[in-house]
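Structure first, commentary second.
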Amino acid sequence: MTAPAPGSAPMIEMKGITKTFPGVRALSDVSFDVRAGEVQALVGENGAGKSTLIKILSGVYRADSGAVLLNGEPVHFAHPVESLRAGIAVIYQEFSLLPERTVAQNLFLGREPRTRFGLIDGARMRRETREVLSLFAAAGRIDPDRIVGTLDVATQQVVEIAKAVSTGARVVVMDEPTAALNEAECEELFATVDTLRTRGVAIIYITHRMREIARLADRVTVLKDGEVAARFDEVPEPAEIVRAMVGRDIADFYAAPATAGEIGPPVLTVRGGGNAVLKGIDLEVKAGEIVGLAGIQGAGRVALAMALFGQAPFERGEVTLSGERVDFRSPRAAILGGVGLLPGDRKSEGLVLMQSVRDNGMLTSRAFAPLWASDRRNAHADTTGMDGLLDRMEIRAASYDQDIRALSGGNQQKAIVARWLSMRPKLLIFIEPTRGIDVNAKAGIYHLMRDLAREGAGILMISSDLPEVIGAADRVLVMQEGRIVAAFGRGASEQEIMHAATGGAEVAA
Amino acid sequence: MSDSTARPRAARRRLPRVNPVWLLLAALILAIVFMNPGFVEPTGYMNFLKRAAPLAILAAGQVYVIVSGGFDLSVGSLITLVVVGSSMLTNNDPSATVWVIPLMLALGLGVGAVNGAIVCFLRVPSLIATLGMMITLNGLAFLWSGGAPRGYLPDTFRFFGRELIKDVPLVRFIPVSVIVLVVVVGLLTWLMHRTNLGRQVHAIGDNPVAARLAGVAVNRVRITAFMLSGLSGALAGILLGGFAGVSTDVGTGYELQAITAAVLGGAQLLGGRGSVPAAVGGALALTAIFTLLNFLGLPQPVRQVVQGLILIAAVALAMHRREETGT
Amino acid sequence: MSLAEDTPPRATGFRFERWAPLILLAGAALIYVAVAIGTGQAQYLTLDNLIAILGRSIALGITAIGQTFVILVASIDLSVASLISATAVLASVVMDGAPAMILPAILAALALGALVGVCNGLMVSALKVNPLIATLGMSLIIQGCLSAFVSNFAGKVPVAFQVFAYGEIGPFPLALIFLALMAALAWAVLRFTRFGSDIYAVGGNEEAARFAGIKTGRVVILTHVICSVCAAIAGLYLASRLRSGAPWIGSDGVYDLESIAVVVIGGTVLAGGRGGIWGTMAGMLIFSLIDSVFNIAGVDSFAKQVLRGIIIVAAVAFYAIRSKRIVA
Amino acid sequence: MKRILLATGALALSLAPLHAQNFDDPEEFAKQKEQLAATPEGPEGQPWLQHIGGEMVETADLGLSAPATVCFSNAGVNNPWRVVGYTNMTEEVKNHESIGNFIHVDAEGSDDKQIADIDDLLAGGECDVMIVSPNTTAALTPAVERACEAMPVIVFDRGVNTQCPVTFIHPVGGYGFGIQGAEFIASKLEQGDNVLMLRILPGVDVLETRYSAGRRILDEAGMNIVGAEFTDGDNAKTKSIVEDYLMRGDIDAVWMDAGATAVAAIEAFEDSGYDIPVFVGEDQQDFLRKWQDEGLTAIAPTYPTYQWRTAIIAAAKVIEGEAVPGPEWVLPQPAITQENLDQYVNPAMPPLHYAMCGCEEMENYPQAWGGN
């Protein structure tokens, strides 16, 4: 593999791509190219057409018009496998790994090397797996026979990338690869991307995070409403990208912090909380404040949330909520006690996809009404009922009777927030509140959180997006190995937080 | 992704799409009337309803379990146990009905509760849990009776499945079982489609993790679904025992028929979607198919083949529609 | 970030699921020995008797091997019982006592199995019909067609073919060795071939398998063909054992539900992607042992049923209770 | 593809002989008709000890000594007829000191399991005499042959295709059953009257012969057979079928090949407001009682459960070295008629009890049979 110099002819070129779905024009006349050895960032709000473009590239969809050229030759992919064989690998947000199989088996899924008897050549598979993994600093130590389900998420991400590389891909598409990663893991990923770049791979990198663009991208293409809104041959200031994405400046991206007068007495106090994952947790969240919780993957942030929410309860220590000792053994108990939780994985933990927007909003209030009570109660259109709450969330939907699956991620997230508002919780836990939602909707969520805090709720926000933690929270706590190891006030720097989160080790990069 | 900023309060009602099961039922009934004009007489359709009542009730109960994401294979054996047990307990004493029927309904609820508890707490998939229950209940029915039930079912017990209410205007007579059917289906429909319970049954079948994190008492709702299915099994047993008297294999095969009926009514296996009235429609359609084939004088094997083909076709069609509409 | 993500990864050492079938089997064997000694019937502990126990469930074992394949791809097959009856009748009718017709009869039975398997597979993978419904429908169709033609024992199996069920090599029945070979073959296919790897992939995550270029539809169809062909072989075995084919032998043996129960007791999960042949064989042995225990202890046949139902649930609970997943 | 075509072709070709399967054997029909009329040998009033014609088989040379172990491989106890029979059997065992140990293995209605059961019994090595009630004739033949090599075997109810058992105990048979019912109908009706024939299920030899004999006589008598339907022995289905037929026209008589669903069929007439026509049932108590209460015109041919006693008696005789009727022990097969109805109706017995059990004089009657 020799690395062609960047700036040579495009490896992939998409010309005048137009794609229409029934009733929607998803892409109109989009042109786009990537050269060998460069990282082309592809940005845009949700629904701008990024995924559609990638799916056309990889052969999931067929374009209505336009052409895809690989090394100058027109190609037509009817199936993802064909694009894979042509050297285009797409790494989706949701991993396509098999949790019950080994690393080697996953790496060679569907193209296992065979002996001359036609049987799978296990030895060769392991050997080649080791070779491929050795390219990645973090993954060189992974045993090819390790069952993938027993690896942590970041390592799984690396396996996923290694899988793409091992197919000999010349073009790698990464769709928000850092969504599930924390800071340190992101750095490892960036290093991996750098490795790929120097090996002459063309990389299409989709992200919502401006910082990653600055760190990685050589060029940036911005999509808006199915059209190319801007193209940058040098990476510009984030504000410029955002302006191109949303078509205007976003003022007040984060809401104003809490003033001293807004912060009230403690809502939540934990003393010496612990269980299998957590150790000696001391924590206080006051009414009216937003506390950010940072840390690397596996630091125990979600475990802390789940302990507070009764899903994986504390086994030691004491918890007080608004001055009362509590010991929640199930989410139901926690909700009754006044805790709400916005789960981190909307699709698998938050939404009931086959039901309407209103039904999703009412899920919790229904759960605490008598089983035989009419399901229409609470639904009418006054400000105290669910429709009033949904109105307040400014949810964009044709009707609240519409299936929630048809809504954008941001609107879905708002419907889940509305679910909690109906319960008037004292403490609200947000896990990755803006994961996978677009810039505009993010700002909406930040303001919403602040409004809730002003109304007297204590808010605990877990996020892997450091700028978000710093921008949206009044205080930042850092966890490491099941403990809270540091606390910062407003204005902490990313470096300080990372330093604490990684136990003092200097962050690479 | 709609950008309409209009306040979406007034629900824009979609045109109600007719569930294909009603069309199927209508076509079958037309065919039956064509074959046998006597069907439009009260004796014709009332007999039909009377015959369909146990299966319809069973399907209405089964829908709860299917919508919650599971299966209940134990209802057939439960029917057998109810009939056999009732005959053992009443022991020819007409006055015993007063306590035997409530006891049998309690038995149905109890069996459902055990099914639900096995699924919820032992985490055994319902297919296996209720399969085990099916075998066990069948064994219990035999064990209890020693293989042959030792009592008659008194007429007081058989009232619900056998008697007619005469001199009713318009229709001349109404079988008691049809009244039971209407009441039970009405209640189960209301419970499924107009109450919190119904919404939560749908929710846990759709996404149990989300439901739990939203505070839904998943186990309680799931167990309730199984209990309603068990209750419907006991009711069907009381009607069947009333209709036809004691025998040792009354319930055989009813579990699969109930699932078939629910599926014909568009219930989605593995949960999240389903309707009680449509399942009842499915049960009526299934009974209509059997009646029609009976009138046509087709032999038993042909009936099996037709049943199999309709079952596959109905589900294939439903999947096709679902893919087309993307819902 | 999902709930599972933030907790430390599982340990890699002892994987309970892998050993659970053996633990259950050991338990069943222990009970057997205890009952035999406890009731003073030590003669049941001889090798002959052990072989007799193993020989009890050969048809079930063959069917369960096939059922393992479909359950591994997260499908299921309820049509095996009817198919067993159909192939037994077909084979016995084609042979009709003539040794020369043995080969054509075997081919016809296997072809029928393959045909049914292809139909099942197509319904599941192409028409997207829930496998439970698809194969239930298929079962009704087969049984209907069969009983339209045949209502009693049909045809006759020549003596030469009865060797399949009654022949012995040394102390071991031929059929038992055949079953062991089939199990070994199935194991090798799952362990060493790309097809086997594809099966686990499709069962584990169909989407991922498809994106890796695996023709998932074809894998599903092929597993159904394997399952149906296994059922066809079980039908041949039963025809040989009963010397003739009867349209009820499949449903009388409840091979559909029992084969599923055996597979699940063997640790293969209904959701697909996890499990294997040796678990299934352990499950079959557990079934045989339990049956023999009942016979030795003289358990009343009705009580036997009650216990059997409880044992199935308990055995599956033994695996499942440790999982945190919500099941339905 | 070619193979599939071949296979279908083979199946199609083979169908012709299948339909020709002979359940309508005029010779056997005549023989059983004769046996019904014959006077049985043996003690009066104890039909389980009687036999119609046949030779005796000496058993002294089998070299057994009392007390011996009798093993019984049972096809199943999965219906009330077999339950009553099996109770007869266990009660009869108590009458024989020569039977030291009685081992019962239940095949739960599966041929395959019964073969395995017999093999297990042989491997266990405890049995001195084996009684087999085969689940099906053809399938159990090899297993019985193997058992014959090891010990004396007694077969009853259904037979096996081999002469090796000491004796095969059975009542007159299916033709006889069919004849008794059909002749009764023919004697009560006019030519051209409507008869509905209800059958349990196809394929079972004893039931097929009942039907063929019944049909032959009804046809000869010029009856109009409006239909012959399978009920699966299911009460609800039986009732539905009869209701459907009543909507289409009158029925003057109902012939049934087994009486388990007779009461359900009668109720269909009652519930639809019709008079109960001439009925053929069986000796189940519920039918007999209905018959007596409603004053029906009816007959109940029987397939007596006392043959289960006979099997034990034969086993005891074999142990004691006495001669038994064989190789076939044909038992009398009486029908219950209006004249002797009162003698069989017993309100103390459960509804599904078979009255022709020959058990009234036994020690634990009626409790052991569920009566009170």
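When the chains are written out, they are named A, B, C and D in that same order, and each has its own residue count from 1.
As a working rule, a residue touches a chain if its C-beta (ideal position, glycine included) is under 8 Å from a C-beta of that chain, and two chains touch if they have at least 3 such contacts.
Keep in mind that what you see is a predicted model, and the values were worked out from it rather than measured.
A.B. asks: Please find the path from chain A to chain C through touching chains that uses the fewest steps, and give that number.
C.D. replies: 1
A.B. asks: Could you tell me between which two chains the number of C-beta pairs in contact is largest?
C.D. replies: The largest set of C-beta contacts joins the chains B-C.
A.B. asks: Which chain has its C-alpha centroid at the greatest distance from the C-alpha centroid of chain B?
C.D. replies: A
A.B. asks: So what's the Cα centroid distance for chain C and chain D, whole Å?
C.D. replies: Computed value for the inter-centroid distance: 35 Å.
A.B. asks: Could you tell me the distance, in whole angstrom, between the mean C-alpha positions of chain A and chain B?
C.D. replies: Centres of chain A and chain B (C-alpha means) sit 44 Å apart.
A.B. asks: Where the CA atoms of chain B average out and where those of chain C average out, how many Å apart are those spots?
C.D. replies: A distance of 31 Å separates the two centres.
A.B. asks: Can you pull out the residues of chain B that are in contact with at least two other chains?
C.D. replies: Residue numbers touching two or more other chains: 146-147, 209, 212, 299-300.
A.B. asks: Which residue numbers or ranges of chain C touch two or more of the other chains?
C.D. replies: As it turns out, chain C has residues touching two or more other chains at 3, 147, 304.
A.B. asks: Give me the residues of chain D that touch two or more other chains.
C.D. replies: Those would be 77, 202.
A.B. asks: Got a list of which chains touch which?
C.D. replies: Every pair of chains in contact is listed here: A-B, A-C, B-C, B-D, C-D.
A.B. asks: Using the touch definition up top, name the residues of chain B that touch chain C in the complex.
C.D. replies: 68-71, 118-119, 121-129, 131-140, 142-143, 146-147, 204-205, 208-209, 212, 218, 222, 256, 260, 263, 269-271, 299-309, 311-312, 315-316, 319-320, 323
A.B. asks: Which residues of chain A touch chain C once you look at their complex with the stated criterion?
C.D. replies: Going through chain A, the ones touching chain C are 80-81, 84-85, 90, 95-101, 105, 109-112, 114, 118-120, 122, 146-147, 149-153, 180, 277, 297-303, 306, 311-312, 343-345, 348-349, 431-432, 435, 462, 464.
A.B. asks: Using the touch definition from the top, list the residues of chain D that touch chain C in their complex.
C.D. replies: These residues of chain D touch chain C: 3-4, 6-7, 10-11, 14-15, 17-18, 21, 76-77, 103-106, 108-113, 115-117, 119-120, 123-126, 136-139, 141-142, 202-205, 208.
A.B. asks: Okay, in this complex, where on chain D does chain B touch?
C.D. replies: That would be residues 77-80, 82-84, 86, 202, 227, 230, 233-236, 238-241, 243-244, 247-248, 260-261, 263-264, 267, 271-272, 286, 350-353, 370-371 of chain D.
A.B. asks: Tell me, which parts of chain A touch chain B in their complex?
C.D. replies: Chain A reaches chain B through residues 47, 309, 311, 331-332, 335, 341, 343, 348-355, 359, 362-364, 366-376, 381, 387, 391, 395-403, 406-408, 419, 423.
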